[in-house]
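So, here's a batch of structures to check.
Both of the next two complexes hold chain A, though its partner changes from chain B to chain C.
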Partner chain A sequence: MKEPKSPLSLVLGFLGSYTLAWMIFLVLFALTFFGTLEQAHASLQDVRTKYFDSPIFLTEWGIPLPGASFLLGLLFLNLVVGGMIRMRRTWSRVGIFVIHIGIAFLLLSGLVEGLTSKKGSMAVYEGETSTEFKSYYDWDVSILEQLPEGRERVYTIPYERLPRGAKSAVFRADGLPFELELSGFLRNCRPQPVQQGSDAVEGLVFRELPPAEEAENNVPGITAKVISKDVRREALLWGFQQAPYATTIDGRRFAVDLHRRAWPLPYSVTLRKFTHEEHPGTNMPRFFSSDITRVQNNVATDVHISMNDPMRHGGYIFFQSAWGPPNAVPGQPLYSVFSVVENPADHGPLVALIIVAIGLLTHFIPKLVAHVEAEAARRRA
Partner chain B sequence: MRYLSFLLLFAATASATPWDEKTVDLFTHLPVQDAGRVKPLSTVASYALLRMNHQRTFRDAEKKSRSPTEWLLEVLFRPDEARQEKFFLVENSAVLDAVGLTDVVRQRRDRYSYEELAPARGRLMQLAHDYDQIKAQDRTPVQSELIDLGQAFLEFERYAQLLDFGRSGDVVKKLEDGSLSGQDAVRLFDGSVALALFPPVDGSDAWLTPQDLVSLALAGHPPAPEHVAMLEALERMASSGDETTFREAAAEFYGRSRQIATTRGEYRKIPLEVSYYKLDAFTKGLVFYILGFVLVAVTWLWPNAWLKRAAIAATATGLAFNATGIVLRCILLGRPPVLNLYDTILFITAVGVLSSLVIEFINRRGIGLAAAPILGSLGMFISNRFELIESRDTLRLLQAVLDTNFWLATHVVCITIGYSAGLLASAIGHVYVIGRIVGLKRGNKSFYRNIARMVYGTLCFALLFSVVGTILGGIWANYSWGRFWGWDPKENGALLIVLAQLALIHAKLDGRLRDLGVSVASILVGGVVSWSWWGVNLLGVGLHSYGFTGGVWTGLITFWSIEGLVLFATLVSWLVSRSAATPPESGATEANPV
Partner chain C sequence: MLPLVLGCGDDPKITEIRERDATTDFQPRGTAERFGMMRGGPGGNPHAGGFGSDAPSAAPQFAWTTPEGWEEKVPPGTMRVADFRLSKNPEVECYLSVVQGGIAANVMRWRKQMGLEPVPPSAIAGLPQQPFLGQRGIFVDLEGTFAGMGQSAPREGYRLLGLLVEEPGRTVTLKMTGPKDAVAGERDRFLELAQSFRAAEPAAAPDDSGGEGSLAWDAPKEWERRPDQQMRVVTFAPRGATGTECYITILGGSGGGVEANLNRWRQQMGQTPLDAAGFAALESIQVLGRDAKVLEVSGDYTDMQGNQVGSASLLGVVCPVEGALLTVKMTGPKDVIENEKDRFLAFCRSLRLP
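Take a look at the complex of A and B:
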């Protein structure tokens, strides 16, 4: 008589089962399908956030689904438990084992990328230099204090901590002579003048706009209140404002700003020349590229960056992304836009592909050969 | 009335005057630049005629078939006669009702001349403009056709006006003596097509139109002597009624154009492109695939080894034409085989037919041989329809972002092979389920077992290429744009295929699917492939969007409806066979796999 299985064994059995595998694939299928359809009405970034980051959510059609990150985590467990640890180790299954290693590696590199990578852009005009790149989607609030001898002290409230909806939040820090109350965050808006009203700040209120088709084109706004024991001032912080809100408290000068999150680079990038061509007689881009000078530790290096040929240096990758201004006339200064990525798992997918391809070929080629031989034997018989 | 009849008769007679063969050949090979590419004038003419006539040839008043080059010569040099020719195809006479031309309607679908449609020009343009404001997916077929007809009408007018400057007979003289005014230029060229006939002599990339030459001259940049000579030749052709003069001027124009284009290295592939269109490989492929299918069908009724060999030969000949066409396209553009949606049809068809023949070579059960000509015929038919729906040059240049032969040759080829194998598995799955429904080889379990094994084997082949192709696409994106996976609709489409195939394979390993289940699931996977191949493009979003195409949407809905019916019939047949079978013993009813 068989001994009853322990609860752990039962759980591991289910975790590593084919049943769980095909169920995960089907739910991932539904998730990908609805996520694709929803892109006809919502920005890619919004769909990605909803379908990928949420543990569980409702689709546009009211169907509840678990988020992709949860499902991929479950798939990883299923792969490791069922496809690697508990799998019968026979020569005929070596290929399958290798495929599972490859897919697990791909999922792991995706996890590393998700947790550690930074992705943004750098726009720089010909002849200008930049030492940082900026986030596409994340906007931080910074308080900058001008110190003597040109020094600065910066306090940053990250995007993730900005109060959403009707909420407000008060931020304070050691050494800061005031509290900053933030409220009324709008993801995409523009300030507009109004007659004085309860919500108006210096004759302006934010007018909320529908989310932009491309999420990186959203320009957020937030209301800031500077509160000290003597002072209570209010300001509208808008993503595209020309200059930060400036205020003086106790004789100290502060600037409060809402800006795209910026990451410093370990080197500077100067755009020497931007080149673009279109197919003759059309407005279809044929080629565009940037000649830059990278300066690190006083060593200058000239680099050519073009579509499909990025610059990789110091853990950062610069991809030729776009250029502008869009309707530039001949002779007008141009700027080049680079996508800048810091991704420790950059080569993960290539390694995973090589492993998966080896596994697939190891598994399927002997099967095909055996099938061909069996058919030939059948015909001979 | 008699006078009018005489005039019409005269016009018809005049239009039927055949163009000299040598002249047609010169213009067929005349290099022009269009959509960024230097190509023969015959290519430009063939797509213009396709947009109007829905065919690459047209029948003149004497019902003689005319080539696209002859048609364009007629429009350019004898516009009055061309206006009498019936090459505006109206698919639905409701279009003519809509513009108020009820008195000219002959049949529901018929061809009309410019002169016949001209009285409704204003109404046609107004409706075309109004309906153009409606989203493509929300238009009715009549509204879409009105827009197409309006555009075709305008395009004809633009071609017909191109040589108005030449018919005036004194533009070159005025250009040389500086007496041509801006007003003259506007009067002569306003509304005419921008046909880049003049290869530059200064090393720049962009070819020049007659309008460009005149505009540059007015801006103080007189045309090069070669261009002046070419303009003079055009003027003589347009203004002279004498055939000899025309022929001499045509030879001079062509000779100079060819000489400059050759010097620039842009003439080399012109004769090959002319040959490509003359060969019409995909139509010939279609004919041989159909022949192959007919022969296969005959062997079903009268099994015969020679007939079977003939079917294989016909299908292989179809494949040879199919492959030749693809190779010629690769040579013409200097690119791997798949660059756009049209290419995917040709390539997927060739791979599907080749795979079917390989299956037949291995198994010799007649299944691969049946699938090959069916897939081939369907593929060639779809390519033909798609080319007509698009009605623009399918040999297109690439955007900068896609300009990499390595990734096009690896990722795109792998993905399309995956599509092809997925569809082939679905096709074989159809043999299984339809065979069961109609009672083919009833009781022959080995027959159905072998088909199911073929389905499963083909799906594994498809999975290999789908997985590798999908990851390769991510790697391309990662190494070229900085992100492995962007959840773009086309990327998701590829992922959907992989997920569906993985679900099927794991459900089979789990014992949930048996032969019938695998075959049914393969048909569902085929539906997913069609969605990924065509459906996601219709969403109109993402990096890979090709825009909404009305005919494609109709075709997809039809395909999915048919597949739905097949699956429904399979379900009914399965339920009937289950109820007819002896009830299983207790304990065996749970989770009864199919």
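Take a look at the complex of A and C:
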């Protein structure tokens, strides 16, 4: 008579089971299917956030599904428990073991990328230099104080801390002679003049717009109140504003800005020349590329970046992604746009594939050799 | 790397603090000017907010009335200030853009998009005009094979309706494209929309103290104050008069400059722009302690809403003040304006900072 299994053994058994693996793959298939359909009329970023980051969510059709990040975590456990811990360790299974390591490594790379990578963009006109790239989706609020000798102090309130919906939030910092109250955050809006209205600031209010089809095109707005013991001033901050709200408190000059999060680069990028060609008789781009000069530690390097030839340097990848202005007339200065990615796990998928390939070869080459030998033996017989 | 220490929950403390070389403009500006809504305002931070296929430029704002049966869409980039689709046929699109280059360059660009050959400048000068943004816009009506930006393939049997007005430093265009039969059915609504467009120029706050109470005046006793309107500091009109009004605006920054504003008014009256000699010959009066040019012009007036008034006159004074441009404008029937001229000038001279 069999001994009853312990609860831990039962849990490990389920975690490492083929049943769980199949269930995960089926749900991942459903996520891919519904996510693709939902992407047709919602931004890629919004769908990705919904389908990956939520532990559980409702699809547009009311079907509850677990989020992809949760499922991939479960798949990782399934691989580790079923394919590495509980698997019988024999020489004939070494290849399978290595394959599981490779897939687990791929999942870990995805986790590292999800947690640490930075993705943004850099737009530069010919002759201009940039030392930073800007986030696609994250907008921070900064309070800037003018300091002597051409310096400024920056107090940053990250996007994640901005109050959403009807909420407001008050922020303060050591050394600031005022509090900053933020409210009325709108993810996508444009300013609009109004005749009257309690919410109007200098005759303007924000009009909320539906989310843009591409999430990076959303232009947020927020209302800021500068509050000190003597002063209460209100300002609208808009993503496309050309200048921050500037004010003087206690004789000190401050500005409040809503801006895309900017990440500094360890080198500068100067656009020397932008080249583009259109298909004859159309405005459709056929080819476009940028000649840049990268300067790091006083060493200048000329690099050519084109549509299928990115620049990889210092942990950053620069892809030639766009150019503009879209309606430029002949002779108008053009700018080049690079998608910039900082991803510590950039080479993760390649390493994972190599490990999986080694595992496959380790597993199948002995089988091939055995098969050939068996065939030879059969012929000899 | 920045010292990044995020607060938890509702912690109000700002913990991400650093110093750097100054890059910020600490000059106080009105909200409208900061948002790029002032005509002739700052040239615009080319990297304000946007990138990618969205031109990194300012987004000048306008007000308008969306025609029935059309849907307003989120502009896909900042080059498009307003974006519309025909509800029953989304292939028909219409959008307002603020672009560089003059009228001729943009008409040529549109002709190229429609697969048409360039035309000589004289042909462009002879194009018809339609009301647009309170001015007389150049009206373009083209048929051909459309290959606009981002089109996957040229589209045959298309029609393009366009309106253009040139302003200091920019050209404003309204463009509708789609299958020619569908566009033909929407032509009237396109022109209605064009006529409804008006510049939204709220008064700029000249400083931290706010705009209210920043200007004082002595209004003629023959005038009465009319209800406040957006973009105006104050509006007056002769008692009981209809079709006549006098109002003050304050534009942020240079406000486009004295000459550009006077010429804009001349264009609203259907007159040609003044040259340097013409400006030099204009009468000057003292306003706020400064010399201010006085414009008096007659013609057929097209107001900011596109309404046309025949046999009208315009009196205007433009006065640059510190960090702003003050304008006083009076319009109405020619005979009424002639009678009001002395009172208008006295009103302008009475302006003062309290």
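By our rule, the second predicted complex is superposed on the first by the 344 of 381 C-alpha atoms of A that agree within 3 Å, B and C clash if a C-alpha of one lies under 4 Å from a C-alpha of the other, contacts with A are read in each partner's own complex, and residues count from 1 in each chain.
Throughout what follows, a contact is a pair of C-beta atoms (placed from the backbone, for glycine too) under 8 Å apart; a residue touches a chain by one contact, two chains touch by 3 or more.
Note that the structure is a prediction, hence the values are computed from the model and not measured.
K.L.:
Applying the touch criterion given at the start, work out whether A:L12 contacts chain B, chain C, both or neither, answering first, second, both or neither.
P.N.:
A:L12: touches no partner chain.
K.L.:
So, does A:R379 touch the first partner chain B, the second partner chain C, both, or neither?
P.N.:
The answer is first: A:R379 touches chain B but not chain C.
K.L.:
Is it chain B or chain C that touches the larger share of residues in chain A?
P.N.:
Looking at chain A, the partner in contact with more of its residues is C.
K.L.:
Of the partners chain B and chain C, which touch A:L28 in the superposed model: first, second, both, neither?
P.N.:
In the superposition, A:L28 touches chain B alone.
K.L.:
Answer with first, second, both or neither: which of chain B and chain C does A:V351 touch in the superposed model?
P.N.:
It touches nothing on chain B or chain C.
K.L.:
So, A:A169: does it touch chain B (first), chain C (second), both, or neither?
P.N.:
second
K.L.:
Touching A:L108, do we find chain B (first), chain C (second), both, or neither?
P.N.:
neither
K.L.:
Looking at the overlay, does A:S321 come into contact with chain B only (first), chain C only (second), both, or neither?
P.N.:
The answer is both, since A:S321 touches chain B and chain C.
K.L.:
After lining up the shared chain so the two structures overlap, which partner does A:T36 touch, if you call chain B first and chain C second: first, second, both or neither?
P.N.:
first
K.L.:
Common interface residues of chain A with chain B and chain C?
P.N.:
Residues 281-282, 284, 321 of chain A touch both chain B and chain C.
K.L.:
Over in the complex, which chain A residues touch chain B? Could you list them?
P.N.:
Against chain B, chain A makes touches at 17-19, 21-22, 25-26, 28-29, 32-33, 35-37, 39-40, 44, 47-48, 51-52, 106, 110, 113, 119, 277-282, 284-288, 307-308, 310, 317, 319, 321, 339-341, 343, 346, 348-350, 352-353, 356-357, 360-361, 364, 367-368, 371-372, 375, 379.
K.L.:
What part of chain B is in contact with chain A in the complex they form?
P.N.:
Chain B reaches chain A through residues 33-37, 194, 196, 205-207, 362-364, 397, 399-401, 403-404, 407, 453, 457, 460-461, 463-464, 467-468, 471-472, 474-475, 478-489, 492-493, 495-496, 499-500, 502-504, 506-507, 509-510, 512, 536, 539-542.
K.L.:
In their complex, what parts of chain A are in touch with chain C?
P.N.:
Contacts found on chain A: 121-123, 125, 134, 143-144, 146-147, 150-158, 160-161, 169-173, 176, 179, 188, 190-195, 201-204, 209-214, 216-217, 219, 233, 235-236, 238-248, 253-255, 257, 259-260, 281-284, 321-322, 324-332, 335, 337.
K.L.:
Show which residues of chain C lie in contact with chain A when the two form their complex.
P.N.:
Residue list for chain C touching chain A: 2, 6-7, 10, 12-37, 41-42, 44-59, 61, 63, 74, 76-79, 97, 99-101, 105-106, 109, 112-113, 115, 147-151, 154, 200, 202-205, 208, 211, 229-231.
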